[in-house]
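Lettered A, B, C and D in written order, each chain numbered from 1.
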Amino acid sequence: MADDEQTFWVPLRFRDVDAFGHVYHAEFLTLLDEARTRWLRDVLRLERPSDHVLARVELDYVSSIVAADDAVCADVRLERVGTSSLTLAETMRVRDGRVVSRGRVVIVLRDVERGVSRPLTDDERARAVALLAGDPG
Amino acid sequence: MADDEQTFWVPLRFRDVDAFGHVYHAEFLTLLDEARTRWLRDVLRLERPSDHVLARVELDYVSSIVAADDAVCADVRLERVGTSSLTLAETMRVRDGRVVSRGRVVIVLRDVERGVSRPLTDDERARAVALLAGDPG
Amino acid sequence: MADDEQTFWVPLRFRDVDAFGHVYHAEFLTLLDEARTRWLRDVLRLERPSDHVLARVELDYVSSIVAADDAVCADVRLERVGTSSLTLAETMRVRDGRVVSRGRVVIVLRDVERGVSRPLTDDERARAVALLAGDPG
Amino acid sequence: MADDEQTFWVPLRFRDVDAFGHVYHAEFLTLLDEARTRWLRDVLRLERPSDHVLARVELDYVSSIVAADDAVCADVRLERVGTSSLTLAETMRVRDGRVVSRGRVVIVLRDVERGVSRPLTDDERARAVALLAGDPG
């Protein structure tokens, strides 16, 4: 695991599963949201990690997730740093090591009070650049 | 149907159905919320019908709802008018006439800007009292 | 805490929160479902704890839940044992000890393959009766 | 509008909106699912239009959706036909004409009983090829 990758577990809920007995495809995004927000809090150390919006998502569904999988984790890797945006590569796995999805999101940081996007602060940018530099890939 | 009852159809979504092939029990509340808010808008004629919170719910699950049911409707009947609260009896049905739930909620009107409950206005109270009076039950 | 009560933590998700900044009222049922199913697995020791349906719910919303509450737990107490049904009293709390809901559900055990309700087994009934007897209330 | 495009309206629910007052990003997929399944039923005329899974999604979030938007529609355009898969380009709009998302999904048809993917039937393939041929793009 690269230095800039961290693993977080998100427990599944019965409600995540759809009529086919698999976690519903839109819930992959809900689960990734939880993992990503913790990464933004604990790795990039944003003060208000929820205050962002998605600008783009690409997701390959690699394997279905079933209730018995119990929880998912996502490896998050920073790919690109923009003025207000971050591009993150995300691989979601279950406890047996099976990869269930691979994807990429572009998120934009928000100033929620003012209702506009906001640039990264100098500290955030410094940490982001360090994460990029530490990426062996 | 009593004068104070109105019927509204809410289309089901694939996502409402759970791993057993039935609409998930918590989604009954989501569906009732849609029907109730339209009743608050169209019958009680609240200006901001979404601005309320639930204080209590009682719900009997009478019949499961399946995807083929396609949509639900709810008959809403006003049972009691408080200073800021309304008690509503709600019966949910599907297109073949089958009753799927019977219940009762207590809602409290909210002043969302100030974050507090608000009393009914005189106009709202007058309409509510008229609805109660017209109830043959 | 009574012997038959157990506490389980369910982490909140950003998605649980609605447009008013509070956990949506229907999600209280989703959260309680997680806590209840773990109680059915760990305390009543059902082999397939998810295999049940709700027959009735009564819920008083005592306090709103916000994102900062982070997780909820529910104390589950067995109140009544029927042939195929259980009545459970459930109190949900957040980490600061605040009670957020109090309620009661009637659940019916299901034979999912056959699509019918199923009676408690002798072992399950014995454990349920012991839980009832140990209840100081 | 191309011949192979059809417009379907999906009403929003209060629950679709998140803590920022916008439809939650994962719900874009839920809404698109409804529109897509109707397209599979009414345009491609699959007998069991829900019986498919997502293999991939790409989605650009163009504009946020708010409760006042009331409903969304999606233009679905067939881009590619595989043995068991279809690639669909989807543009979601609200009533004022604003585009809220643009994206592309790859879906795989499922034989739900056998739990495997299934090839398009000859009739389905003929309709799909005709839709492709009619595409001026």
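Here, a contact is a pair of C-beta atoms (placed from the backbone, for glycine too) under 8 Å apart; a residue touches a chain by one contact, two chains touch by 3 or more.
Note that the structure is predicted; figures quoted are calculated from it, not measured.
Common neighbours of chain C and chain D under the contact rule above are A, B.
When chain centres are set by their Cα atoms, the one at the greatest distance from chain B is A.
With A-B and A-D as the two chain pairs, more C-beta contacts join A-D. Computed from the mean C-alpha positions, the centre of chain A lies at a distance of 30 Å from the centre of chain C. With centres defined as mean CA coordinates, chain B is found 37 Å away from chain A. Note: centroid distance chain A to chain D, computed from Cα atoms, is 24 Å.
Shared interface positions of chain B, i.e. residues touching 2 or more other chains, are given as 14-15, 19, 24, 26, 30, 33, 50, 67.
By the touch criterion stated above, chain B contacts chain C in their complex at residues 19-20, 22, 24-27, 29-30, 33, 50, 53-61, 64, 110, 112.
Residues of chain A that touch chain B in their complex: 14-15, 17-19, 21, 24, 26, 67. Within the complex formed with chain A, the chain C residues making contact are 10-11, 13-15, 30, 33-34, 37, 50, 67.
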